[in-house]
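The two complexes that follow have chain A in common; it is paired with chain B in the first and with chain C in the second.
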Partner chain A sequence: MATATQAIENYAESFRGFEQSAASHDLLWLRQLRQSGFARFGETGFPTTRDEDWRFTSLAAIAQIPFRLARNGHGPLSRNQIDCFRIPGVACQLVFVDGRFSPELSSSGQLPEGVEVASLAAQIARDPGAIEPHLGRHLDLQRDPFCALNTAFLEDGAYVRIRKGVVLGEPIHLLFVSAAHDAPTVCHPRNLIVAEENSQATILEEYVSTGSGATLCNTATELVAGDHAVVSHYMIEREHNQACNISTLRIQQGRSADVSSHSVLAGGALVRNNVHPVLAGEGGECLINGLFIGGGRQHLDNYMLVEHARPHCASRQFYNGILGGHAHGVFHGRIIVHKDAQKTDARQTNRNLLLSDTAQIDTKPQLEIYADDVKCTHGATIGQIDEEALFYLRSRGVDLASARRLLLLAFAGECLDRMKPGPVRVHIEKLIHDSLAQIAHVSHDVPLAPQEAALGEPR
Partner chain B sequence: MSSNTDAIRDLAQQEYKWGFVTNVSEDRIPKGLNEDVIRLISAKKSEPEFMLDWRLKAYRHWETLEKSHAEPKWANVHYSPIDYQDMIYYAAPKQKPNLQSLDDVDPEILRTYEKLGIPLQEQKMLAGVAVDAVFDSVSVGTTFKAKLAEAGVIFCSFSEAVQKHPELVRKYLGTVVPYTDNFFATLNSAVFSDGSFVYVPKGVRCPMELSTYFRINAAETGQFERTLIVADEGASVSYLEGCTAPIRDENQLHAAVVELIALGDAQIKYSTVQNWYPGDKNGKGGIYNFVTKRGACRGKNSKISWTQVETGSAITWKYPSCILQGDNSVGEFYSVALTNNYQQADTGTKMIHIGKNTRSTIVSKGISAGHGQNTYRGQVKIMKEATGARNYTQCDSLLIGEQCGAHTFPYIEVKNATARMEHEASTSKIGEDQLFYLRQRGLKTEDAVSMIVNGFCKRVFRELPMEFAVEAQKLLSVSLEGSVG
Partner chain C sequence: MSLLDIKDLRVTVDDHEILKGLNLQLKPGEVHSIMGPNGSGKSTLAQVLARRETFTVTGGQVQFNGKDLLAMKPEEAACEGVFLAFQYPVEIPGIGNAYFLRSALNAIRKYRGQDEMDAMDFLPMLREKMKLLEMDEKYLNRSVNEGFSGGEKKRNEILQMAMLEPKLAILDETDSGLDIDALRIVAAGVNAMRSPDRAILVVTHYQRLLHYIVPDRVHVLVDGRIERSGGPELALQLEETGYAAIEAAARGASRG
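Then we have the complex of A and B:
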């Protein structure tokens, strides 16, 4: 208990320092927002495995490491270091180093009229009136201490606004880089995405790291989709194996809005991805599509809460997990259908492949239904690579590793197929190839069937 | 449609059929719970030393739990706090000593059974079921003893087992549900009054279905029974449990513990039909049913199967579980839970796979009507050593009416790559088209609803022993009044 209070005290100290010097601290509403965030975090502290929502994910490591708030203490990254993370065909790329916008590294590109992409800090300074109605209005501080913490340290992040009726074909790439540090650092990027009525956009949030060392990235994104808006949101986590990443995507959907959230968790040591859409307008549609690929000692936790607040909405959740080594995967999907959300159609599927005896998966697909005229299903499966499929491939001369990789690709491909064609999908496809090659290779330690072990690898 | 709805509503508002109070003079002890009460209960039952020690250990542990407010709160049910000092922990009908036959049983009690439709004598002859009837807490009549004794099966009340077979009780009691297990199990361990004990020796197939009827009668008494069933190597037994309780305004607590132990190649089938007083249509009164049921498949190729039909009780909190320790052991759970009016049910199962090639099947059907809240909460855990484990889970919910809720909280934890796991769940209302189809063929709405619901539950009913299946279907049509949305 002593360490827990000490951890909070560490944050309290850094909050006091932060509060005085943070950007736009003279804005009353922003100050209050930060204070309410910290007050809530102070009440709860870090969740423990006794909290139902964190049952399978221990945060003891995060609570114990004395993370320091990443301010401007590191040497700047060069464009060369970032070049490998560029994706061809995007509308613009915003680069954030340890949660702070870096104009030198970003390329703003030519954005059509009605599309605003900027750093949140700059936008608050420039036009606080446009930010206030959305920022902090949707994120649930009560439920999640990390959202509270993020709000307390809210300063910078991405701001995207798509004006009424504007259709942006190319994706917006938001790149969050954890730079190398001597001491453990934490950053709290905060993003606000507002897609107004009838607008369309694709946004990619990508988390990468350039150095090593313990980092914690606690990010929160509020996505507001106006009536009839169509938004695709992608989240890619591929930091190094000492990084902790807690991310929350809170989606507020208007009438007939169509939002899809795709997440790919491939990197990081301890990763938690929260997706929380609220279908607050009639006829809304929401797709949550996820893939997590873990090896080594990775811990990948996928948490989603889909709230059907209005009638005639549909939601789909598909999560596929591939785990090898000592990886631990968690799927926690929850659908809540509120009292008057009649004619809801909600589906949830979680499929998992375990590649090694030491990998572990905990899945908790939940339905909470308070309306009667609904159609809700959920399903979860856990299994291994089909022996017969392997045999089929091997009988056709494909070696074991390639056969495994092929089958894993097919499994991961289900998630890929749900993404719209375009540069982001091409990018993700390549990423999946790389991670699977790695995992299929490493998972050779899976004990072969006795006769196979005796025969050895066929030539 | 509305006239049909009315018809159903009338059916729904049917009074609880089994609500009547039998006036039997009772042997009670004062309200409240302390060490003296425990000693008194133990003394009244002239228990051996080890039982008293065990009860006291449990009581002391319970005290610490109560002080630290460890009463479980995680279940999806809501009720006002229970005052454990405001309860009577022992109530036995005053009886003539040494009952030799059924004729000696208080005729008043026998009449109660008749009203309940449990003709003790008749059942003896016609159905071939041995009934160990528990009236409040003490077993009043045990039949078919001789026939069972011939096969070597021990089937008696728990108190009798403590007297006559202390070595068996001592060996197995608390080995599946230890007294430290959870708040209510601990309470039960301290104050349990009676229950049933079954021991089936090696290689014996129990010649008949064993059955017990529990019935809560005295007002303000919690009933704390304890059931222990042991099937030795190669033995098999099927046990039926059925319950009804009369109308009472104050909530009554029922915290039972059931332990099943199956050794190598043994099979135990445990079926329950629970129809305790659910409270009136405004949610007043009713039984709090907080039960801990668990079975351990200790030996190779053993099997434990739970089947339950839960239609009664204001609040149900019950998770019949299987610990699959032996290699190739099998666990099954089939459940129908119905909540109507203001009933709340949080029920499900736990399947813990420890042995190799263990298999488990879970089929759960939840029906919510009125303001009922129905929760399925299940855990399937596949441990590291459980190579080749297999689980299939299906939980479906049916919603009838706009005010009810259906929730599903499965937990699936897999630590072995060879495990195969499937989980499916669905929630929906009764299809308008199905209703329409049946109605245009001349069925009344309530019959149509009843038919659809029975079809929905068929997979579970099939698992029930014959006589229970019939009773369960009737029970559903009566309790399932709800309406068509």
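Then we have the complex of A and C:
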């Protein structure tokens, strides 16, 4: 068993090797960024449950497993192995294996002018001047050791840029695959999404795994939404049951920018999803919509930090959780209204269904308001499947398993309804059906299509 | 042969006996009414017949269409042809009314070995029945009973009954909370369902509904037993005298 110091030493050794050979290590600003990331992580190490932000999530498992940095070590993945993860109707699909861009597995598609989608490593090498003003400018290294660690090992991920006034109708699919390894591996994908003034785009980040074995994916995304930009961001976690996934989405919103973040956590063993929008321009709107479905011994932690920095902004948080087995869910919704952010309208709702006596949810709203003319509301509920509704459905001939599934789908459907119609929503709807069928131990009334069956990793 | 044959039914809730040896027979084509004061066990009877599991049957038998009803789950009873129009229909957010009805209808059809009905066949049938109950088409896609007024909920119950075409329909206080217009519409919907091979059991506190749905037999339920039975005139008589006399007689009988 490794102690906390050993864990840091393990990463320090890994970092020394990495920083010498990492892509674009000759760029001073990038080298300094990585070093500042590691310096911060070295100071703090992994958080403990004594840390208020991590009160309900123990990272002992992550600290104890000697993860090795995944670097070119994965066996070749074939296109066949990835085909089951493709989504029809997307603009393009970028595939990352253990955090590294795989051009062979990706489908670049025909992108309209003004839309750049590339590997971050390639983009830094090609045009560092376009990256430097944004990369690492928004992510908070001081607050979150995982963001610091991600920055230390920053090398590859997705780069998306939507130029001023450009509207991209079809979604961009970023697929992150944790490949099978003999030893536990860690990767740190880093994404930068820049949606310039008046642009519009939909981006899906999806985390999946092939094979089995302990993996840690510590991912971070900086999303910069310019003035009047409209961005829909989707995050799907459906790795296998030995995977740990820590993700951070840091959103920087300009004036009257409209950003929605949709998270669906269905897979993984230990999952933490941080969503941190900063409404930094007047009149901005932010929707944070989430669904987490857990069974077995899954631990699904949703951490929101919504910062209202300017006046007349609105934020809406809606999270629904469905937990069975021994699953443990966490909802931590923190709203900070800064002194200047008058006329803020912030709302937060967390609703949970527990399907077993052993499932657990910790829900915690946290409002910090430094302005005096604001509207902030929050509410949380925890309940079971409504027995009255169950009997009502059964009294009409619907069998118990189908009745349960209908009620769970209706509950999950609240989150689905907040997503815009399109290929991503169709994809998520399928995923929800599949997850609920497993979690509620209810069977599909139609046989699974081969593709769906392939998606259903054992959990 | 009786469609429904209840013999000496005894039911408890939390160790409290509600039905204390109830006997009742319904033949196909008949409409019976169960009347009685509050707390006499009317709704308990209705829910036990729909196989609600919160009640404990401690004695007696119920044969439905020659089968042991008490051995059935709620969904089996429904598929065999029992329908309960709820006194308080449940709101189910997130499930569309039409989707719910088609799921129910197809579950029943499947049980009976019939083909499932697709939306193309289902919707015209649903629209026709909705017209009968003067229901707006907007109720098609709204969540089941969510935000419906009391009258709309009751009409929705009768709509479900019309779609599922049960052998035995039990109306549990369907008249409660209805204004006179809604009451007429609901009653017309029920009367349209009267047929030689269907039995209807109307559970009500007041005689009002029985002006519109005229029963063949009226039974008065007091303290868990049927104390008196008669023709439709019994309902009118109760309207005049109230339940007090029958209750007093029942108390006298149980003392003696």
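Assume the second predicted complex is superposed on the first by the 439 of 459 C-alpha atoms of A that agree within 3 Å, B and C clash if a C-alpha of one lies under 4 Å from a C-alpha of the other, contacts with A are read in each partner's own complex, and residues count from 1 in each chain.
One rule holds for everything that comes next: contacts are C-beta pairs under 8 Å (C-beta built on N, C-alpha and C of every residue); 3 or more make two chains touch, one makes a residue touch a chain.
Bear in mind the structure is a predicted one, so any value in this text is a computation, not a measurement.
In the superposition on chain A, A:397 contacts chain C only, with no contact to chain B. In the superposition on chain A, contact is made by A:406 with chain C only, not with chain B. In the superposed model, A:122 makes contact with neither chain B nor chain C.
Of the two partner chains, chain B is the only one that A:355 touches; chain C does not reach it. When both complexes are overlaid on chain A, the residue A:389 reaches chain C alone and has no touch with chain B. Legend: residue contacts after superposition of the two complexes on their common chain; A:180 is shown touching neither chain B nor chain C. Of the two partner chains, neither chain B nor chain C is touched by A:12. On chain A, the surface touched by chain B in one complex and the surface touched by chain C in the other have no residue in common.
Within the complex formed with chain C, the chain A residues making contact are 386, 388-389, 391-400, 402-403, 406-407, 409-411, 413-414. Contact residues of chain A toward chain B in the complex are 52, 56, 339, 352, 354-357, 359-384, 446. Residues 74, 384, 397, 399-402, 404-429, 485 of chain B touch chain A in their complex. The touching residues of chain C, when paired with chain A in their complex, are 50-53, 73-75, 77-79, 83-84, 86, 89-95, 100, 103-105, 107-108, 111, 143, 160, 164.
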